[in-house]
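One chain, subunit A, appears in both complexes that follow, with subunit B as partner in the first and subunit C in the second.
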Partner chain A sequence: MTLLSIRNLEVQFKHYEGVTTALKKISLDIKEGEKVALVGESGSGKSVTARMILGLLSNSNIKKNGEIFFENIDLLKESSSQIKQIRGNEISMIFQDPVSSLNPYFTVKKQMLQALENHTKDYDKNTIEKYFVDLLKDVKIEDPERVLNSYAFQLSGGMAQRVMISMALINNPKLILADEPTTALDVTVQKKVLSIMKDVISRKKMSMLLISHNLGVVREFADKIYVIYQGTILEEGSTEKIFNSPGHIYTQTLLQAIPKINSSKLPSLDSENLDYLSQPKFTH
Partner chain B sequence: MKIFKSRGWYKFSKNPLSVIGLLIVSIIVLMAIFANYLTPFPEHAGPFVDIPNKIKPPSSTYFFGTDKIGRDTFSRIIFGYRTSLYLGVIVLCIAVPIGTSLGLVAGYFGGKIDAIIMRITDIFLSIPPLVLALSIMAFLKPTLTNAMIAVSMMWWPWYTRLIYNLTRSLKNEGFVISSKIVGASHFHIIFREILPNCSASLITKITLDMGFVILIGSSLSFLGLGVQPPTPDLGTMVSQGSKYLPDIWWLSVFPGLAILVIVLGFNLLGDGLKDLFDVEI
Partner chain C sequence: MSNTLLIVENLTKIFKVGMSKVIAVDDVSFGIDKNDSVSIVGESGSGKTTLANLILGVETLTSGSIKFEDKELDFKNKELRKKIQFVQQNPLSSLNPKKTIFQTLELPLKIHQICPKKEIRDRVIKLLQYVDLNENYLERHPYSLSGGQRQRISIARALACEPEIIIFDEPTSALDVLIQLKILNLLAEIKEKLNLTYIFITHDLAVVRNISNKTIVMNKGKIVEMNNTKKVFESPESEYTKELIRSIPTITDAEEKSKP
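Right after this comes the complex of A and B.
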């Protein structure tokens, strides 16, 4: 069953010099239990998509058209109080920079409690700590008791990101949005955090939208890939199909641009010479 | 004591001036609280007349001499500290919450609310503080309560501006956005996420301001617009004593020095806290 369905979403930013179209009628589907990746360069509209889903971009200078259906509710038409109910409860988000996503003035435990209390007030005070410890154990944190009583600056980047993942899981959401969750981490930790995240999400049967510019990350993680370029989705398909037989010329160039250890020069995207948008779009 | 072994104390005590500030402030506060037991003549704080002992120069009985009606200047200075601290605490208790909440609201919501609050703040800030306090006092009866109201009225805009600037930068921090995403209310974000992160700057500014509020309060009473006799007040004592300078010098010199010491104490302490918290005011 389809959990999240974006239909012809168009987002325009009005500013001093005119209008910029960030998303040009994109459509995207996430089924229950599916891990979907949205891949593109910087400025292609990946993060805008995530922010639109959570209703974080609401400003009189932002024009939006289209529909975002989450379990048959149109998120773009809901009132802000109803969206608040959905945020954190049914959809939650993991950010790029884990350390700054934690408030430096409170311990991890306090912040986990707050995330919980935003949506429910009746929980058993005696067992709640056990629940937090279990959540932290799920993301392979070895000494959960110490981490619960730590402040953000006492944790390493990888640990903080794992704490953020477990905080996103507190209310058992159906969908998790991850906006470049491993960009701030170094390569070895990246791999560990990714496999932990994949493991937890598969086990809890949640759906996920992974936003990334890193094709290596996407290949290991996602079931389905959307390739986005300048606010347009150029190609969509299962991970296998996209990697084995990329249809769109942009996807092909992207895959060629992955740095290889035996090549002498760094590959680059020659986007000035090619008009990717005029090429036909691919759906596998 | 555990606190003297902490990292904070080590950082604070590296600058001897801030320790001196802390000492001055704690001694003055303790003396003001226990003035009834510590001063040689506590009854001299009220309406008291002792004509045989009038205008005595400093001696072992009267440390700082006596005034025209025979009251001990030393006892009256200690009770004057009590009045000054009382004024400082009340003024900041009024000005800080008002200024802080206006700054938080303006900085967090932005837009029209921001424009309205900050323009009003700018208007208040554009008038020199003492002139504003004097013009407010011109409408009110010169009493301690009214002096507090007048000083509070001129003090809150500074907090609005400080907290406004902090809020503007804090509201785009990751933890504010992520608490928005977990469905937190505006109230929660403003008071539980942003405000705690302003506390270092707030504490430092409050400490530094104590000295300045006391100074402004003394200026008002020096001009006869603040505390009225016979309640002992440092500003009033300086102004009354100045009529007899230079012959009866102790009547105004000692209260003047007393103002200097308390303002200096709070300033040194505030500077120490500023270094400790590493904040810009």
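Right after this comes the complex of A and C.
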């Protein structure tokens, strides 16, 4: 079953110098329980895609065309109050920098409570703390009681990101969008957070859209990959296909450009500065 | 004469935080030879940036010594100090937004009186050529440049004083992979051309493997492993290094197999 389906989405920003097309008719599907990655360089449109899904980009200077179906509702046609019901409830988001996405003035518990109360007032006050503790345990936090009563600055980066993950889980969403969730973390912590995310998502049967520029992270995490370049999806396919037999020259160049840990020489590229957009798109 | 350019001996830096003390760098000793490319790796909080700051003289040491060409590094000595230059992680915040590229690059030339006044312009253009830019960039401001171009300007600025050693703090972590590769290739080329010695502070181990001949692994202020890079990656001795290497996300099966 397809959970999220983006059809021919086009997004344009109007500004004083003219119009910038951020997304050029992209299409993307996420099935139930699937971990999909959107990979691209900075400015390729990956974050815009996530923000469009959440309805976080809407003002008169943004022109959008196409459809974003979430369980057969077109998110682009919904009113902002209906979007609010879906956002944080059925679709939630994990951001890049955990420490700055947590509110420095409130404890973790207060913020978790807020995330919950935005969508339901109908919960049992006596058991709610237990529910939060369980969520924190889900992301392998060993002393959930302490963390629950901590402020953001009292947590390490990896710990704060795990809190963000458990906050994204509060309302049992069907889809989680993660925008560079491990970029700010050390490699050992990154590895841990990735495996925790993977574990929690498959246990709770959720879907995830991972947005990243780090192909190594994507390879470890995703089932399916979309490669985006200047607002256009150039290649899509299973993780195995993308890494073992990349079809588009841009994907091949990206993979070549990454320094490898078993080589002592910087990689050399077969082709550089090509007009990647003129090459045919590749679907595995 | 020995080939060793920089000798760090029993270097310790203690920060006082309120009533407690934090030992950021704990009894660290190592030597760097001319033309070396040394990487100092470790996680955040391991003390690698403090170590770089100590070598640059931005931080005062608590005990131990740093010798450059057999002379104690004295940061009041301008002649000695200009020999060690620095390239920071984020080029946008390390370049002055109000200054043009020309003004940014002429400043170190003036401060250290590298060349006569009337030659400054030619000199700046030469610096830009080192980093594959040209005189069209002279009157531009940092905001009108891309991330890769800004980092090139930072490198050109570090080259202005004709240094012996350049310290890079995460020079490419803010860049996309294709740009990263270009900058790393450029650094290798400049090193060759100008006979430089590099120190990289980084947590990206795949980059370390590709650009340095020696690697120092730090954890909690101490050096846990120090060897030539090939050795460190192929047969790491400390548990911590193994753990670090195992954690690197890779993109090929061959890399995965090469992990300890």
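Points worth noting:
The rule is simple: the second predicted complex is superposed on the first by the 272 of 284 C-alpha atoms of A that agree within 3 Å, B and C clash if a C-alpha of one lies under 4 Å from a C-alpha of the other, contacts with A are read in each partner's own complex, and residues count from 1 in each chain.
Rule of thumb we're sticking to: a contact is a pair of C-beta atoms (placed from the backbone, for glycine too) under 8 Å apart; a residue touches a chain by one contact, two chains touch by 3 or more.
Worth saying up front: this structure is predicted, and the values here are computed from it rather than measured.
Applying the stated contact rule after C-alpha superposition, one finds that A:1 touches neither subunit B nor subunit C.
Of the two partner chains placed by the overlay, only subunit C lies in contact with A:243; subunit B stays clear of it.
Looking at the shared chain after the overlay, A:157 reaches subunit C, while subunit B stays out of its contact range. Of the two partner chains, subunit C is the only one touched by A:254; subunit B is not. Shared interface residues of subunit A, touching subunit B in one complex and subunit C in the other, do not exist.
Those residues of subunit C that touch subunit A in the shared complex are 43-44, 147, 176-178, 180-181, 184-185, 188, 203-207, 209-211, 229-230, 233, 243-252, 254-255, 258-259. Contact residues of subunit A toward subunit C in the complex are 41-42, 157, 186-191, 194, 213-217, 219-220, 243, 253-255, 257-267, 269. Across the complex, subunit A meets subunit B through its residues 54, 56, 84-89, 92-93, 95, 97, 99-106, 114-115, 118-119, 152, 164, 167, 170-171.
Every residue of subunit B that touches subunit A in the complex is listed here, in rising order: 173-175, 177-185, 188, 192-193, 196-197, 199.
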